[in-house]
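Structures for review follow.
Consider the two complexes below, in which subunit A is the common component and subunit B and subunit C are the respective partners.
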Partner chain A sequence: MATATRPPLPPLRPPSDAGGRPPRKRRRNESIGTWRWTDRIGYAAMWGAGLLLVAIGIGIVGYMAFRGVQYLRPSLLFSHPQPDLDQSKSGGFLDPLLGTVILTVIGITIATPLAVAAATWIVEYGRPTWLARIVDSGIEIIAGTPDIVIALFGLVLFQQSFFGWMSFRAEDGAVFGRSFLTAGAMMALLALPMVFAATREGLQSIPQHVREASYALGKTRAATIRRVLLPSVRANISTGAALGMGRIAGDTAIVVVLLGATLQLDPQGAVPGLRTLTGTGGTLTSYVYNNSPAGEGNAPQKAYAAAFVLLLIVIALNFAVDFIARRGARTGLETSRLGAR
Partner chain B sequence: MLERFRSPWSDRRAEVILGALACTVLAIIVFMIVFVAIRAWPSFHANGLSWFSAKGDVDQQLNKMVNSGANPTQADYQLGAWPLIYATLLTTALATGFGLVFAVLSAIFIVEFAPEWIRRLIVPIVRLLAAVPSVVYGLIGILVLAPFVGNHLVTSHQQESVRFVVQLSGTSLLVAVVILTVMITPIMVAITVDGLYAIPKSWKEGAVALGVNRWRAMWTVTVRAARPAIIAGAVLATARAVGEAIMISMVSGSKGFSPNPLDGITFIYEPLRTLAATIVEDSESINAPAMQASLYAMALLLLAGAFFLSLASWIAKQPLKKYGTRS
Partner chain C sequence: MITNDQELIVDPDPPRPAQTPPPPIRRIRVDREPTVAPPPPPAAGAAAPANGAAPTSVAARPARGPGGPERMSIDGLSVFYGDNEAVKQVSLPVRQGEVLALIGPSGCGKTTLLRTLNRLTELTASARRAGAVRLDGTDIDDIEVTTLRRRVSMVFQQPNPFPMSIFDNVAYALREQGTKRPSKKVLEPYVVDALQRAGLYDEVSRDLSHPALRLSGGQQQRLCIARALAAGPEVLLMDEPCSALDPKSTAVIEDLILELRESLAIVIVTHNLQQAHRVGDQVAFMYLGDLVEYGTAEQVFGAPRAERTRDYIRGSFG
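Now for the complex of A and B:
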């Protein structure tokens, strides 16, 4: 009677449905009860980790949204911050918001051409090989360098008198080294690896025959790069730029060290427009930092509101990445304007 | 003049210009090392190898530097940075260790076991968590987690036991490690997921065909084959953890104190401060020459760490190239 205690075999299913449809995708039936206990623990831990990750993500966004809605008033976005202990008089964060925008624009404007040029050179020319390899790992090192180290480097670099025009100069000729221009230039180092990686990925994924077709039409290498290759990696460049902008907007250390992290924009110099750029200021990140209990301001409501706006900016940039990537995939290389010019 | 720029570039010219731009990046790195090293030199010169040792209260030494004025004596450069180095190593090791387990399990979940609707939810969440600015993490830590730890987890008995050494206020090693883990896990998850997807499905199917259950096949075949990717992710996450300044300075209590594992469970409630956090907090008084040299010395140490981690990730990636997968 030994055979009677054995569990019945599952019924055999025909290989395909009678109607000719492909068989529905189904998980293989297997009972976890038959697994070894080590496997069961691992399986449970895995589910736990996955669900915990979801919970943390939803928790952080949900909590920030809750606090943001609680404390964010439209007037905060349009009024200048004032140094005042009374929270009803300390104003909003128009200046930090402007500071974030200015800094991001400066940073990405410097980073994108540099990164695209480096990526194009490495993929399309890349000779001598050893130099290309060094540049490649150099950019990887920049990606791994802590932002605070980059900030200190920026401080010593831009305090050289050669860069005096970029920031404020004291009476005795010492260069202050802190301004939107100097901070933006160092922010570019943060964004550079992201734009570089995205562009290189895009260029490498272009099949070789596209280049050969262009050469066959009598175009030079340089013209091929400009007319064929760069237009078709435009989506990649934009993705990298959006990621880099997110990184710049979210960085605090460089702002604290190189921008002064002041409450209001503090223009220096005589030329209108350039005055703001050579002056110090603050961004949303430094505003949050200074208004948290760790800073001097200690106004958690303002900090929550500003952090919520910052989070919205970052999320928007992330959506932009998705959007660009999807559009880039649809109007990818196959349908790009290869023949239009 | 303008005509020359408008006319199409010759190949030669394009190569030279693009190459020159690429090499500026190299020049920047060289400048970075040289400049930081020059400014760091006085501190190392005055302290020698004892810079890396523990020499009493590091906060007092730093305060003395601020007060030393424009012409510090050799004695003002006194610094034993071991508490800061120890704090950096401790937070990084703990966060990377926990994060590694968390990330590998989550990555397996995403790649293999998650139901479709959870997968559609979890992928944007991972990307979002990787993009959240560190100051937002710090804000949540200092306004939510630290008060919770201070009010509910730290007992008055524990407060008493270390009363003469340090105050336990909630901002602690525990909070720093928890938030750091959450910050660096998404990086590891993203790279590990890529690595797991790059392993040929047939390998795992072979194991399943031999009668192993799905979990064991995943764990013993796919995860093991993706080990280089996992290590590469861990190295990248370590780099992020070592350099994290703002968040740590907000939630770690910001005290040059070495948490003592011999204190038992109280250990995790003790405050500390890492190298990067010290640089951020003392950057206001960077005009004092002694302080400046010390801060740049710390930066040089972090830079050296970044170099070694880049090297480590390069070594970790070598087997990946053998399989023909990119990461």
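Now for the complex of A and C:
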């Protein structure tokens, strides 16, 4: 010991593993058998919940696919529905399909700019703080409002004579308040919170130094937002918009209350291109409802076929969301790669 | 068996070896002295291929006399965040044609000082400033802030290219806001020039339209330098530009700094003392907001006047 020049270092790990075996070699998956029984129940419940939801999802899609394929004919997609008790003469659902498309386009066209503007203001300006908080809560309230309440509110609102141009007037001058425009405007409220949340999340994930890099090049705040920040969150906006479109396409209450849920498109007004928009109509959702045994049509076969088409549209939108997100990751457009800080 | 504790007490040796290995900065000096003796002319240093240089090589660095005319002067500058005084009464010159390296431990105010020079501190709501900063004799408060930031541009710690193509990243600095956007054809020579000055053009000349975020970290940082150069700055601020990069990329960027020094005034904040020694002509050591020492790199690292500087460059704290 006299020749020792430096003391031996203490062992790095506590000498608990007898035999000096490095603990890494003993790596074995932990066994559930060592868990407490409450943890085991929880574990089983988590597995069960996951499997149950998958089963429900597959069940819905599978059953609708089975029924849909059974009743869906290409001609149904291209023929107008007819009010006829004889199912062979009652036509297809071209009009509801068009109605769904028109309504979705109107809704998302109104919602996206509003939501992006609001999200940009909240994240990039957000002052005074109390106002930002109010705006935030306002959008949360809209997100939480049941669609039937939004529909009723819309009906009251758009029956004011000020909004007469959006629908049409009865002979005594009363505003009808029901049209694609009014329904689309209210549908925008359904999609708005989704676009808002997605955009805000994207903007918040852009690190501060990216903004500063733009300012340090002598750019104004406006130029930074327009040229750097909004292009960065394009994928987020698209994702939010696709989710919002799914929400619009799947809504029924607003269609029934504000669009009339008619069988065919029913153009109103004098302006040629605008006649459809100021007129009433129906969508796939209202068509399904009306043809289901709960509605008056009592043509479940057509309801199944239309429901299947609607399901396909929504699933396609979901895949679009997924695709947009993945493409963003591949091209490095998603914001998280802009830097860790 | 003797326990470790006892041996530590009995044996007086262990504390000593901690002092005997020379602090890293001395080793650099040993490397450096023979290379400085025959100073290569600046042109030769600039012409030397940058990519092959090892990170610790200082051979490319030409010896410098006093710098050119004073571009910026910092005069009694204090910066407060709320009640906290982050920079205290600092006065410094920033001269054309030389690199000013700001060193000091974390939180000593060097980055704040840097960000004050192009008024980026104003983005922090609680920041206040006292004292004067002048650019070519004009107080920076009297220069329109977007103009100031084009004349005093900045490169950040994290490489932060914008999520657009390489071309657009550089062109972004060239395009005037608000007015009509100049066409790609008009901008191209300027973009190419900026990329060449940043030493990136040869690597990306074929794929200017590729997304900038696919470049490597070192290339991204040089793209950020190209972007800053495209704004046509007179002063380039660099906030730890190499701290997120590997040694090879660091060496490339350090060589680049030495080349750019000819046409610009450069202020660089760095945690890396060797880097400050390699690229800095003048070195300012800050501690807790005070400017402790300012002098040539040789003087500050070779014969520091202040006790604090000596301790810091020997690695006693920081």
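Keep in mind that, in the parts below, the second predicted complex is superposed on the first by the 284 of 341 C-alpha atoms of A that agree within 3 Å, B and C clash if a C-alpha of one lies under 4 Å from a C-alpha of the other, contacts with A are read in each partner's own complex, and residues count from 1 in each chain.
In the analysis below, a residue touches a chain if its C-beta (ideal position, glycine included) is under 8 Å from a C-beta of that chain, and two chains touch if they have at least 3 such contacts.
Computed from a prediction, not measured in an experiment: that's the story for all the values here.
Trainee: Now for A:Ile142: first (subunit B), second (subunit C), both, or neither, which partner does it touch?
Mentor: first
Trainee: Is A:Ala223 touching anything from subunit B or subunit C once the two structures are fitted on A? First, second, both or neither.
Mentor: Both subunit B and subunit C are touched by A:Ala223.
Trainee: For A:Ala303, using the defined touch cut-off, is the partner it touches subunit B, subunit C, both, or neither? Pick first, second, both or neither.
Mentor: A:Ala303 sits against subunit B, while subunit C stays out of touch.
Trainee: Look at A:Pro83 in the shared chain and tell me whether it touches subunit B only, subunit C only, both, or neither; answer first, second, both or neither.
Mentor: The answer is neither, since A:Pro83 touches no partner chain.
Trainee: After lining up the shared chain so the two structures overlap, which partner does A:Val210 touch, if you call subunit B first and subunit C second: first, second, both or neither?
Mentor: Only subunit C is touched by A:Val210; subunit B is not.
Trainee: Tell me the contact category for A:Ser232 with respect to subunit B and subunit C: first, second, both or neither.
Mentor: second
Trainee: Which partner, subunit B or subunit C, touches the larger number of subunit A residues?
Mentor: B
Trainee: State whether A:Gly62 touches subunit B only (first), subunit C only (second), both chains, or neither.
Mentor: Touch status of A:Gly62: no partner.
Trainee: Do any residues of subunit A touch both subunit B and subunit C, and if so, which are they?
Mentor: In subunit A, residues 220, 222-223 are touched by subunit B and also by subunit C.
Trainee: Under the touch definition given earlier, write down the residues of subunit B that touch subunit A in their complex.
Mentor: Against subunit A, subunit B makes touches at 8-11, 13-15, 17-19, 21-26, 28-29, 31-32, 35-36, 38-39, 101-102, 105-106, 108-110, 113-114, 118, 121-122, 124-129, 131-136, 138-140, 142-144, 182, 185, 189, 213-216, 219, 236, 239, 242-246, 249-250, 254, 276, 279-280, 283, 286, 295-296, 299, 302-303, 306-307, 309-310, 313-314.
Trainee: Which residues, counting only subunit C, touch subunit A once they are in their complex?
Mentor: 2, 4, 7-8, 11, 13-14, 17, 118, 120, 123, 145-150, 153-154, 156-160, 162-164, 172-173, 177-178, 211, 213-214, 224, 227-228, 231, 237
Trainee: Over in the complex, which subunit A residues touch subunit C? Could you list them?
Mentor: 1, 4-10, 207, 209-210, 212-220, 222-223, 227-228, 231-232, 331-333, 335, 337-341
Trainee: Using the touch rule from the top, collect the residues of subunit A that touch subunit B in their complex.
Mentor: By the definition above, subunit A touches subunit B via 28, 30, 34-36, 39, 42-43, 45-50, 52-54, 56-58, 60-61, 63-64, 113-114, 117-118, 120-122, 124-125, 131-132, 134-135, 137-142, 144-153, 155-157, 189, 192, 220-223, 225-226, 246, 249-253, 256-257, 285, 288-289, 292-294, 300, 303-304, 307, 310-311, 314-315, 317-318.
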